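Across the two complexes that follow, chain A remains constant while its partner is chain B and subsequently chain C.
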Partner chain A sequence: MAEKAIMYDATKCTACRGCQVACKQWNELEGETTTNWGSYENPKDLSTQTWLKMEFREVGNNGDLRWLFTRRSCMHCTDAACVKVCPTGALFYHPLGFVSYDKGKCSGCGYCKEFCPYNVPRLNTNRGSGLGRMDKCTACTSFGLDRIDNGYTPACVKTCPTGALIYGDRSDLLAKGQARVQQIIAQGYKNAYLYGDKEVGGTHVLYVLEDSPSVYGVVENPKVPGAAIAWQDVIKPLGYVAVGLVGIGLLLNVMVARARMINGKGEK
Partner chain B sequence: MTNHWNDIQNSDYILVIAGNPAENHPAAYGHITAAVDKGAKLIVVDPRFTRSAAKAHIYCPIRSGTDVAFIGGIVKYIISDIEANPGNYNMTYITEYTNASYLVNPNYKGAPDLDGLFSGYNAEKRSYDRSAATSSWTYQLDENGVPKRDKTLQDPNCVFQILKEHYARYTPEMVNTVSGAPKEKFLEVAKTFAESGAAGKSGTLMYAMGATQHTNGSQIIRTYAIMQLLLANIGVAGGGIQAMRGESNVQGSTDMALLSHLLPGYLLVPQHNDETLQKYIDRATPKSSDPLSLNWWKNTDKYMVSLLKAWWGDAATKDNDFGFHYSPKVHAGTNYTHIALFEAMEKGDIKGLMCWGQNPAVGSPNANQTRNALANLDWLVCVDLWETETSIFWKRPGADPTGINTEVFLLPAVGSFEKEGSVTNSGRWMQWRYKCADSPGDAKADLDIMNELMAKIRDLYLKDGAAPNRDAIVNLTWYYGTHADPRQVAKEVNGYYLTGDKQGKQVISFASLMNDGSTASGNWLYCGSYVEPADEPTAPIPGNRASRRNLDDSPYNIQLYSKWAWCWPVNRRIIYNRASVDLNGEPFDKEHPVIWWKNAAWTGDVPDGGGKPMAEGGHLPFIMRSTGLAQLFGGVVGPRETSLADGPLPEHYEPWESPLAANPMSGTMNDPVIKIWRPLEQSLPDKYPIAATTYRVVEHWQAGQMTRNLPWLVEAMPNMFVELSEELAAEKGIANADEVIIENKRGSIKAVALVTKRFKPFQMNGKTVHQIGMTWHWGYAGLSTGDSANILTPSVGDPNTTIPEYKAFLCNIRKA
Partner chain C sequence: MQEIERYRKRAIAQHWWIVVCSILLAITGMFLFLSWFGPAAWWGYSRLVHRIAAVGFVAIPVLYALMNPKGTWAWIKEAFSWGKDDLGWLQSAPTYYFGSDAVPMPPQDRSNTGQKLWMLVVIITGIIFVISGALMWFFKGIVGPGVFQWAVFAHDVAFITAGAMLLVHVILGSVHPRFSEALRSMITGKVTAHYAQSHHGKWYDRIKGGKKA
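Up next, the complex of A and B:
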C-alpha cells in the first residue's frame, strides 16, 4: 500500500481556519472556552479537544512586513518517538504511514507527549491517576470516524478552499512539493523549503514554506530523544523477559524528568 | 460583478481595494489563488495589512475614505502614459466604446475651476442642477440630437481633455498628502496595474463594502470604472469590476428589489406623481436619437407591464393601467433607506417593523439610536434562526423593560440547508439548491412564513369591504396553497404567456415580453431561467436552468461554464462583452476570446444585444446606456440617466469625520450634497483625532447571530477586539490584550486591544495620522457577547444611496 501524506502549502494558506473547525466538527471535539489574548490565534495551545490549530506570525516590519501562517498538528513521523515509547502499544503506525492510536489501550502515562519532538500529544487528566487518555490528530483514521478507510480525504483537506492542503501518495506530494519550492525560490524566496522530506525519517505531513522553518516556528532538525530509542530498541524487548514493570516505570520517570530538564518544557 | 468568480483565473493583474476576500470570501478566494498560480500579479490596497495583503505581491496602505484620491492618481498616471505611449493602450476601445470623444457643454465647469465643486451648485439646497433642460453637465448635440464627438480626443471640451484636466491635480505627491500611501508604493501600484491596458493583458478590480460605505461611495465606484475603461478592461475575460457580495444571495435579493428605489429587475419604483402608467414609463425610460444605440431600457414598458400582470393577473387590464395604481408609490423626495427608516421610527412615524434575517441593533450605524428607536414601535416581528440583539432589544443591558411597550414576536426561520430554492451569487449565477435536512421544531422557510401571513392578511381584507387599497390585496396573484413550492415561484419569476397558442407556457427570453398584457414576468432579468421542460430537457429539474450542473466549457475554455446553472441576463457570463472585440468582431485578446464573429455569426458567450459587428453596421457596445457608450464623464442625458447627485466626475472629499483640518485637494471639505441627519453628533479631530474603520473577520458573520452561537467559532474568535499600531499603543500606554475604551460623540465601547505591526501610522506629507480598526460582529445576545462597533458609526450617508459611512469616522482610544 502506497504511503499517503497531507501537504500544507503555507504560501497558499489564507488562515481562514476552516481546517481547524472542520477537524473539530468531524472528530466531535468540543469548543473550548477562550479569550482573545491579543492575537487572531485561539485556542492558545493544542489540547485533547484541539488537534489542529493555525498559528499567526508577524515577521519583519513596515515595507517588508509578512504575516505568516502555520499549521500546528501531528506531523505523523516515520520514526515516531510516541510510538517508540508507548508502553501499551496504543500508538501504532497505520498501514498508510500515519501515526494512529487505539484509545482503549492508552494507560495515560504521557510518555508520548514528553518525547514528541513537536510537543503534540495531549492528555485529558493528570497522569498521576493513571486514568488519563491521550489525544492527537490521526489524519482522520480514528476508529469509528475513519474518513480515509471510507474513501474520503481528511476533514482539514476537504474543507480547504485555496488548495493549501492536499492529500495523496507521499511520493507524489514530495515531487509536487519540490517543484513548488523551486517555483517559490525562482520568485525570490531563496530560503524556501520543503519540510518533512527527511525530518524524523520523513513525516506524513509536509510543509511548503517560503522561508526557513524556524521563521514559521517549526522545529528545525527534530530529533527523537535518545531515551526513546533506548526504550524502543533495548529496554522494551528486555522488559518483557526480565525487567519488572515497576523498575521500567521508575527508569522511565527518571528519563522523563531528565528529558524535561534538558528541553526546559515543564508542564504546559 | 461584470464578470464572475471563475473568470478571475483569466486575469493578469488583480487589484483588491476596499475588500478583503481572503477573510470575507474565503471559499471564492480559491479563484484568486488559482490566478496567482498561473502568474497573475496580486495587488492589495487597504488601511490595514489584511489576510489578503498577506498573499499579495504588492501591498499599499491608504487611509480610509481616500479611494478617489488614490485611484484618481492612477487615472492621472494612465492618462499621461496614454499620451506618451499610446501603443501600450487600446485606443480603439477608448475612442469607439467610451464617451472620451464626446463634446461636453461649454458651460460646464469642474472641480479644478470651482474649488472642488461643479457648475450648477445651489448652496442653500445643497444640491446640483441635474435637469436635462438647464444643467451644464450635458453634451453638445448635433442636428439629430446625437452627442457630437471628436475622435482625435483633442477638442478642449471633449471628455478626454476634461478628464485629463480634472485629474491633473492628482499627483503622486497629492496622493500621499491625502491618502498617506507612500509615494513609491503608489507609483509601483499605478505602473503595475496600468500594464493591464496593453493588448492581450487584462486586469480585474475587486471591491466590497470598503468602497461603498462612504459619503462618496458611489463616486468611489465611478473612479474604478473610469480607470478600468481607460485600460480597456471592461467586457473582457479577466477584466471588469467585481463587487464581492458579502452574503450568498445579496445579488439575488438586489435583483428582486431589495432597494427602496427599485422594483424587480432594476425598474424604477413608482412615485406619488406618476399619475398614469404612461407618465411613469416616460420618467423611467431613457431616450436615444442615435441609430447606432440599442438603448435596451427602451423596453421598460414591456418589462413593467409584464411585472404588473404577474402581480395582478386578470385584474390588471389596459383600462386600469394594468393595475399600476394598486402598486404602492413612494413619495418623491422622501428617503426610504436604512438611516431614514430608523429616524422615522424614533419620531414615531413608523409603527411596525418586520425584521427578516436582519439584526439592526448590531448592524445599524449609530446603534444606540437604533435600539432607542425600536422602543417607539407598536410591534416588531423578527424572523431568524436565533434570538438576536434586535429581538431582545427591550431587555438589553441598561434598558428598562417596564418602560418599553413594543410587542415583539420572534418567528423561527430555517437554515439555508433546510429549504429548497435558488441563490444568485456575485457573478449573477442563479444556482438551485435542494433541501438536505429537516428543520427543528416550529421553524419554517421564509417562503412559507410569507405565504401563511399573506393568506391571513387576505382573509382580513376579504372580510372588510372598506379596507384601504383593498383591491390590491384581494386581487394579488397568490395561489400557492398551504405550502408554497419554490419551483412554482421561480417559474412565475421567469414569466409565462397569458394568451395565444403558448398560453400558460414559460417564456424563454425577455425578448418575448410584451407591453399589451399578453405576458407576465416577475423579473424580466430572470426570463430564461426556468423554461418549459422541452426547452431544457437534460437539466436535473427539467426546465430549471439554475439546476444545471454541466462542466462543458466550450468553445473557448475561458471558464465561462455556460451550462453550469444559469446567469442573468440571458445566460451572458461577461456583461458588456461587445467591448471585448474590435469593430470587425475580432477579439482584442485572442487567447481569451469572450465572443468572436465567425462565419457571420457570434461564437462564445451570449453577445450583448446580438446583431452584427460595428463595422458591418452593428450597434454600440454598452447597450444599457442610451448613448451606447461607457461613461468616463457621467453627464446628464435624460430620463433615468440624470448623473450622480455629486458630480459627473469623481472628486476627492474628506469623510464626514476627518482627521484633517482641511481637504488638501480643495476648499470643499466634504461631499457637498451628502445627507446629514444628526449634525450635532459630528466627532471633531480636536477631541477625537484617530481615524477608525470597521470590518469583519472570517470566523464571524455580519451582525453575529449566525456565528456567535456556534461554540467552535466562538472559540476561534471569542471577543470584540480593536486593532491598533504599536506606535499608537505606545503613545497611549496600551499593551497587547489590554481592555480598552473607544469613544466618540455617539458613545463608548470596550474591546480587547490587538496591538499589531499590520497597522501603521499614516505619514501624509509630514502629518501623522493614526488609524484603528475594529470588528462589528458583537452585541449582547448569543453565546459570545461584547460591545457593538456600530455604537460609534455616524448617521450620515452617500448622497446617491444614503448607504451609511461605516468605514471612516473619528474616535479616541484609551486603556480601560
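Up next, the complex of A and C:
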C-alpha cells in the first residue's frame, strides 16, 4: 500500500480553524471552556479532547509584522518514539504510515507523551491512581471512526476551504510540496522549507513553510530521544541476555553441586 | 541439636512482606519487558497495583528502620564492610559453590561476601527504584521530559540488575545444597550451631560467649 500523508501549506492557510472544529465533530470530542488570553489561538494546548489546533505566531521582521500559522497535531513519524516506548502495543503503525492506537490497550503510562519529540499525545491520567488513557490524532483511522478505510479524506482535510490541507500519496505530496517551495522561494522567501521529508525518518504530516521551521516554532531536527534508544535497543536486549545467562548458570551450578554433594559424599 | 537465633521475628516478617510486594511489583512491571504481559496492563489497573505495592515496599522498611534504628544501621554497615576475607571468598566461591571442598573458604561473619553483595544490590537498586519511581509518579509533567525519560531508564536498569541478582538469591537460598538451612532460618529464625560454625565462623565465635546476634 502506498504511504499516505497530509500536507499543510502554511502560505495558503487563513487560520479559520475549520479543521479544528471538523476534527472535534468527526472524532466526537468535547468542546472545552477556555478564557481569552490575548490571541485567536484557542484552546491554548492540545488535550485528550483537542487533537488538532492551529497555532498563531506574530513574527516581527524589519518593521513588518508577519502573522504565521501552524497546524499542531500528531506528525505521524516514520520513526515514532511513542510506538517505540509503548509497553502494551497500544500504539502502532497503520499500514498507510500513520501512527494509530487501540485505546482499549492503553495503560495510561504516558511514556508516549514524555518521549514524543513534538509533545503531542495527551492523557487524562489521575496522578494518584495512575488510571487514565492517551488520546491523539490518528489521521482519522480510529477504530469505528475510520474515514480513510471508508474512502474519505481526513476530516480536517475535507473541511479546509483554501486548499491549505491536502491528502494523498506521500510521494505525490512530497513532489507537490517541493514544487510549491520552489515557487515560494521564487517569490522572494529564501528560507521556504518543506518540513517532514526527512525529519524522524519522514513524517506523514508535511508542512510547506515560507520560512525556516524555527521561525514557526516547529521543532528543528526532531529526534527519537537517546533514553528511548538506550532503553529499548541496548538495555532491554542486554537484560534478556543477563537474566538468561544467570538463569542457565544457576541451573548448572545447582545441578553440579547437588550431584557432587548429595549424591556424592553427603550434605555438608 | 543446639540452635542459634539468626533472624528475629520482625525481621522475618519484614522479609516476607517485601517478598510479597516485590512479586506484585515485578508482575505489574513485567509488561515493559515481556510483551505477553501486555494484556495485564490494558486499562491500567496493573499500574494501580504497582503503586499500592510500591507504597508497601517503601513504607514497611522505613517503619522497620524507625522502630529498630540500631539494627538497621548495623545491617547497612555490614553491607559496606569488606575486607581481605571477602577477596578470599570471591576467589574460592566458584569452586566451593560447585560442590567441591578443594579450596578453603575464609571464615565469614554473620553475612558472607555473597550475602553482602546481595545486600548492596538491595540498598543501591532500592534507592534507584525509589528516586526514579517517585520522579515518574509525583513529578510527571513537573520535571522536563528528559528527566522523566532517564528515570524510566534508571528504573529499568535497576530492575534488570535486581532481577538477575534476585534469581541468584532465590535459587541459592532455597535449593542450593550449600545453603541447606537458609530457607528454614528465614521461616523459623534459627540455624543449627554446626551450620553457623561452618558457614559463619566469625559470627559464631563472636556470639559463642552468649551474646545475641
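Throughout what follows, the second predicted complex is superposed on the first by the 225 of 268 C-alpha atoms of A that agree within 3 Å, B and C clash if a C-alpha of one lies under 4 Å from a C-alpha of the other, contacts with A are read in each partner's own complex, and residues count from 1 in each chain.
Just so we're on the same page, contacts are C-beta pairs under 8 Å (C-beta built on N, C-alpha and C of every residue); 3 or more make two chains touch, one makes a residue touch a chain.
No experiment lies behind these values; they were computed from the predicted model shown.
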Touching partner for A:17 - first (chain B), second (chain C), both, neither: first
First, second, both or neither for A:223, with chain B first and chain C second: neither
Which of chain B and chain C A:89 touches, first, second, both or neither: second
Partner chain in contact with A:119 - chain B first, chain C second, else both or neither: second
Which superposed partner A:161 touches (first chain B, second chain C, both, neither): first
Which of chain B and chain C A:25 touches, first, second, both or neither: first
Per-residue contact with chain A, leading partner among chain C and chain B: C
Which of chain B and chain C A:109 touches, first, second, both or neither: second
Chain B residues within the chain A interface of the complex: 22-23, 26-30, 33-34, 49, 51-55, 182, 185, 697-699, 710-719, 721, 736-737, 752-758, 760
Chain A-touching residues of chain C, taken from the complex the two chains share: 31-33, 35, 38-39, 41-48, 50-51, 97-101, 137-138, 140, 145-146, 148-150, 152-153, 156-157, 159-160, 163-164, 167-168, 171-172, 175-178, 180, 198
Contact footprint of chain B on chain A as seen in their complex: 12, 14-18, 20-21, 24-25, 30-40, 42-43, 58, 61-63, 65-69, 161-164
Chain A residues within the chain C interface of the complex: 85, 87-90, 104-111, 114-115, 119, 127, 129-133, 225, 227-228, 230-231, 235-236, 238-240, 242-243, 246-247, 250, 253-254, 256-262, 264, 267-268
